[in-house]
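Common to both upcoming complexes is chain A, partnered first by chain B, then by chain C.
The block that comes next holds the complex of A and B.
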């Protein structure tokens, strides 16, 4: 405007969010639980992205991981065992303005919610799906989960489990329309954060499996990887998860993996000699169902009434 | 009418009728249903009361000429408004003799029923078919049916190469002569149905129609004279599932999440075809559970959502129903009931999900249950259901059934009202002092925050929770929250009126029904009252909460009897006694609610109860009441 300096103009101060703005109830997870690390990373992500708490929704199922929404100060939906994904898809379906996150676990997603896992991948609606995989049912106290190692003693298999675990990464990669498949660990906060950040910016459903320590029931499972980081295989690429040099030095066992290379992703995921972390696969062009579910959004009452009249005409006598 | 002036009609015997029941029965894929629908629609257009019901086999294309494979329509038409499919057929069109046996098994015919039967089977190259045909015709005659052997196929072949694809329109021509239907109206209807197939196909069908008409003119020496009343109001004609779909559109519902299940699926077929006209979206989920979860998610996000299913789907959704109740999420669940339990009778009529709906969740899960009793109510109850769901912040079940789903009836054209539509998404700032479950201690009602509303952030949880939606770690919280959810049922109940009594407010016998049986019950009551019996009826639309004032009504009758299409033990059958019998579902509820000795008469024949069957039951129960 002529004669007025820009800084004289009235401008409502933008809301600035700090970490506390995302802190909900005090977490009731056990001390030493990997979930705390994920919570911290997610709150940091929300702060860094300056997500409006009222436009952010965390949906979960049942299990330790699914308590997550209670500990965020955003909208949350703590649903039913296995059903986080279809509920999240419903939330997403007509609300493209919301940031949708899902927290689920290895029992919730890979067992009771298997059908939804496969189909949510196929729908590829924009949301971040975090799978807290501690290889056990924690909240119900040490029952075998689909990712529990063969021979592990649990309350449902006291003499050791019979079968080898399911490989969630190969299954996920096998779903035609899966568009973002990553794996990370709770004990490397920088890698965890970088993975979630990349996931958040992915245009579609990002599937992030987080290897998560359960101090009570599976403390020993991840111990070898923590004590000897060379047992972890860091996938690196300019299109992959970018981590600073210090992290990269910790995980010295590395492979250059282009996340558009689905075949190599399969090969890395199938090889169980190491624990691979990083981005297995990304396709930003994959079909998205949420581009269809919003059809007709914002119809006025007049449009609706006119539509109904024309439909009634079809049945008119 | 133009045809009346034709000399041909004048030489024929005119038989005056007040109403008639016509059935068209064929193998699957022969188009009998299309013919029946057109016949019903043009009869309605001409001013007759009409009720059309589909005769559906369980498979898409069962083996031809099989006794259980009947596909077609029953059309009841009359000078008065028709509310049900009636009793015994007057006129039957049979494309083969075998399919008629499934109707005979259902006791659909009477001595004197006129059967117009395709006669080509008498000349079939296969001797066993010729034999079966001859046997059946003899049997039909023995049963007292009047059989007209009609060379449908050879007549059709004069116009088309494949008679299987034309016979339906040909018999429509025959029926048009028989009932003096307006041929121009039929042609218009044919044109509408075949618009996409091109002019040549339309003209061929006109030819078939005329051929059937001419054949009847030439070969029949009688016709029926059914008075048509002039209609003063605009009407629409549709089946119950179409009415539910249009009702969803009128209610401003935005999301329908579903999984295919008979006989509910066609609701979503209609929505899939037209929902976009009102900006709605149909989500076909990966399973019944996901459909419910998707609707719940959409509802949580502030969008009006529904799901549509049938009995087995209801069973799968139960855990999520509990979630919608405890999370106080508005949602409409349409259950088009079929025969159960398990896969049961997938395409057949039953109203046996009342208790499953009422108790469809572990724990105490109060929800509203309403049941439309006509096709018109299917439309309007969707609007009611959506409003109740939002006002009371809870799931509302709408129980329809296969009888309403496939029945076709004309009714007053609804005048859409903006007030029927759901309110716009509220994204204004939330008052942070107001809890997400800010229960009014008297009514249990509360407002809910919607994602996007600043300062309204809360975590909806399926765990027992307090007003702030915090997980209940104290013992008193669950008692209070349960009371608040239950309180809403009382709040709604207090806004309801007692049911209207059909007939006198006191007498010997009161019949209580719900859902699709209303037309048949009231017709049976009419007949009994005409014969001097002191019978009345009430029909419940609200099943949860149950409509108020029932006990005082019951007490003015010597006996109260529910009539329902679900199973109950029949007293004196085998070991069954008054003491050990299991009651029909509404009867069980009414006994618990009113402490009155409510009796029941219920059957599960896989079809609607006919007025005659109900009338017979009423007269049995009236005996011994002393009059």
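The block that comes next holds the complex of A and C.
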């Protein structure tokens, strides 16, 4: 008998989510690790945006950062090394209704996943990509990554790294169709939170490089910036990352930068005298590949088969 | 209407039409009763029911007939199928209207035909009727040949006629039972052959060999070996056990019974026994249903004997017949001993009767509870409408034992499915089928379609084998707009279009016999005291509306007009409405109990969510108050500390008047360490920092700038009692006394955000060594 089910169906009442609703497994990151700060900021973002856990997915590759999906009580996909972005693009293509986040690291994204990184930027599908950049391979215990500083002693370069590090910001800014490029630090929770929030509301792919302390292997790399906040250059603008006064007072070294000014963004990113944080570039009008991939999502199996058949028939003689 | 001296509006104040009021027997129950008009003055203007303006309703008039009953598929309308086949032949497609005409003509005489025969007939008639050139004739002939050789559909085509229902039933019966029947016949033939062989073998064994040889002759014996013949005709290992006289007798009896049955019935025609009033064998019977039951009992007895013979034959052929056991068993063998599969092979007795014949027959209940495969089919003409429907199918459903079908020729697919459902039953089945009044001027298709739309005919099936309740057994699928009370129709005469409900009264308005129940009123007499019928019913359920119900009509100029209805018509329409509401509830479509339960569950869920939200808000408010209090306390403490540690000369020099003012607060704070350079100048104030670390006096509580905490777990791991996360998962001092000052300093050192401020040690804290105090200094 049909009909009974209709009677019993009703819309559940609106739910209110608290921080615990997003807390998954207990994090196994080392105490003092900057990843904890990112996790907290993301959980607060989810709570403040009241994202439904069942409509949120975190995709990761391999590395310390990529354990992130385990610690969120949402859907997650712990993927292959360097392949977080193509998986996320796939998720976005088929499930545009989900909130997609990507957590990846400097080794995962800038080394083995470089090709995917470039093309994901170009596809500009709506998602938040968080790069946990600790300048080292931490999970496998101190190997040189593409952003490891020159001269840094590591297990792969015991006598010091030969080459200067890759600058991910300039690379990203150089990719056509990159639409949101930001950089922040884990040790300033308000700035980190504000950056992720801005990234979440961006209509395309948001590339957020998070300078993340590794207390065991690269503690000395970030120590100068922590102890002397003036070495950090805070980019401010009405269209940039909006932070409260306390953060502005801590990072007194500031520059007004319009996120639509790509040339100045390049200049700031290229200047290595300071560690710039804030929004380098944003273009909300950039093309998005997921606007094309959603075509045909509502098709039934029969419709798909009929469409395929009609395409094949075009080649019939 | 203009000649009337008493306008309806002025009659309204005296208008009383409550349901409980007794009718005035003198004026019947016409609206004149309340309008104050003489009975013969109504209906002065011509009008039609407004539904005729609805395009959707006109579409609905086109029913599926003729229908195609596919060999292995559902019932579909034939013309769309034919169209899709003709599309490949433009010559024929152009003349499809003519082909439709030929199809209808062919089916008038033949009732039903196979698709192949119909196409062949159409081809022939077309060639005879079409005026074509020689070349055109050749092309058309070729097109017909191609169409017939590649026929895209198979099955039987059935036209709409008085005999449609009977043909429908026969087709359903053959479709569902012929396979089983043929298998049964195969089994009978197999048993017959085996019995023949066994008896022949016995016959040969029982004769002396010399006698056999003498019979065959010496010559024949050279060519025939009896052993080989025995083996051939036996086919199986028969004959090794000699038969006694009783066994031979039993086998011969069984054999005769089977042979008689095979002669009586045909494998290709499933037996069907029609019983009708005034026809043999029940022409003289007082009760048609009782007679039908006795006819069925006779037929069942015959086939039961055949089943008995089959069982005996089977046992004998396998040498499993034990006289002491089976003789007694077969003596008492009757139709009640048949298995369910065997009962399904009992010939169906079909009673074809009209409503009055069944209504007055007292044996209906006995028949429906008999458990015998007797099918009762009742035709019910929907036109003229009448004012009372017997609802025989609904009443029969109350017995809860028989399969019940209420169908209509308006929906041939539903009807055929229902008739197929009857065939799989081993129990009685009762079908009430709405048919048109063939002699009426009204279009037969329209009659039955409108009856279904008005809920006058409700399509439903009740299958008692589905489960124990109405919700599991009753299926009202197939009714238009089944979730609504009335079917809507749209009138495109207003802007926006007027959506009306098609009630029983709208349907009855088509019947000229009932015109005295309707009264069109001119537009200048429309008023608020009139209410359209479906809205009137809704008001009626809430109370007694002080209104007069009307339906929409259209006058001779094509303008909408209101048509008042009589109280009797309103009651009849309400009866049909309640009938449909009951079926909706019984079938589970609109279950009032389920709706109440859903509302209750919804209210509980909303209440729970509201409570959770309130709790969250209360928690948030409490935490906010605590944080505010803590922050103000810290601020005051730091302010006091700063003031206390401010070099005295500066205080004096900058604001001498403040010095006495500060004095009252000094006793509450411990005295600052005695500065060595209290009386000296400002530069000397830096000296204490250069000297050995000194434990600062005063009581500065430790605190954390929680907003800067990165949640890195360092402090929590150090002392989970002293440090804890707040609602934002950022660290706070949970209990400063739960740890030592050294731990506070260690946590401050480890904290990457440098947001832990250890304050000053407690006087009794032994860990506050000068070294530790010196480490704490940068964080203060």
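In the analysis below, the second predicted complex is superposed on the first by the 287 of 317 C-alpha atoms of A that agree within 3 Å, B and C clash if a C-alpha of one lies under 4 Å from a C-alpha of the other, contacts with A are read in each partner's own complex, and residues count from 1 in each chain.
The working rule: a contact is a pair of C-beta atoms (placed from the backbone, for glycine too) under 8 Å apart; a residue touches a chain by one contact, two chains touch by 3 or more.
Please read all numbers here as calculations on a predicted model, not as lab measurements.
When the two complexes are overlaid on their common chain A, residue A:32 makes contact with chain C while staying clear of chain B. Ranked by how many residues of chain A each touches, chain B and chain C are led by B.
Once chain A of one complex is fitted onto chain A of the other, the partner contacts of A:40 are limited to chain C, with no touch recorded for chain B.
In the superposed pair of complexes, A:158 makes contact with neither chain B nor chain C. By the document's definition of touching, neither partner reaches A:245: not chain B, not chain C. The touching residues of chain B, when paired with chain A in their complex, are 41, 44-45, 234-238, 242, 246, 249-250, 252, 254-255, 257, 274-281, 283, 285-287, 289-291, 293-303, 305, 319-320, 323, 410, 413-414, 416, 418, 421, 449, 451-463, 470-471. Partner chain C is touched in their complex by these residues of chain A: 1-4, 6-10, 12-16, 18-19, 27, 31-34, 36-37, 39-40, 43-44, 186-190, 213, 215, 226, 246. Only residues 24-25, 52-55, 57-59, 62, 69-70, 72-80, 83, 86-95, 97-98, 115-116, 118-119, 292-299, 301, 303-305, 307-312, 315-317 of chain A touch chain B when the two sit together in their complex. Within the complex, the chain C residues that touch chain A are 471-472, 474-475, 477, 482-483, 584, 587-591, 594-595, 597-598, 601-602, 605-606, 608-610, 612-613, 616, 707-714, 717, 727-730, 750, 752-754.
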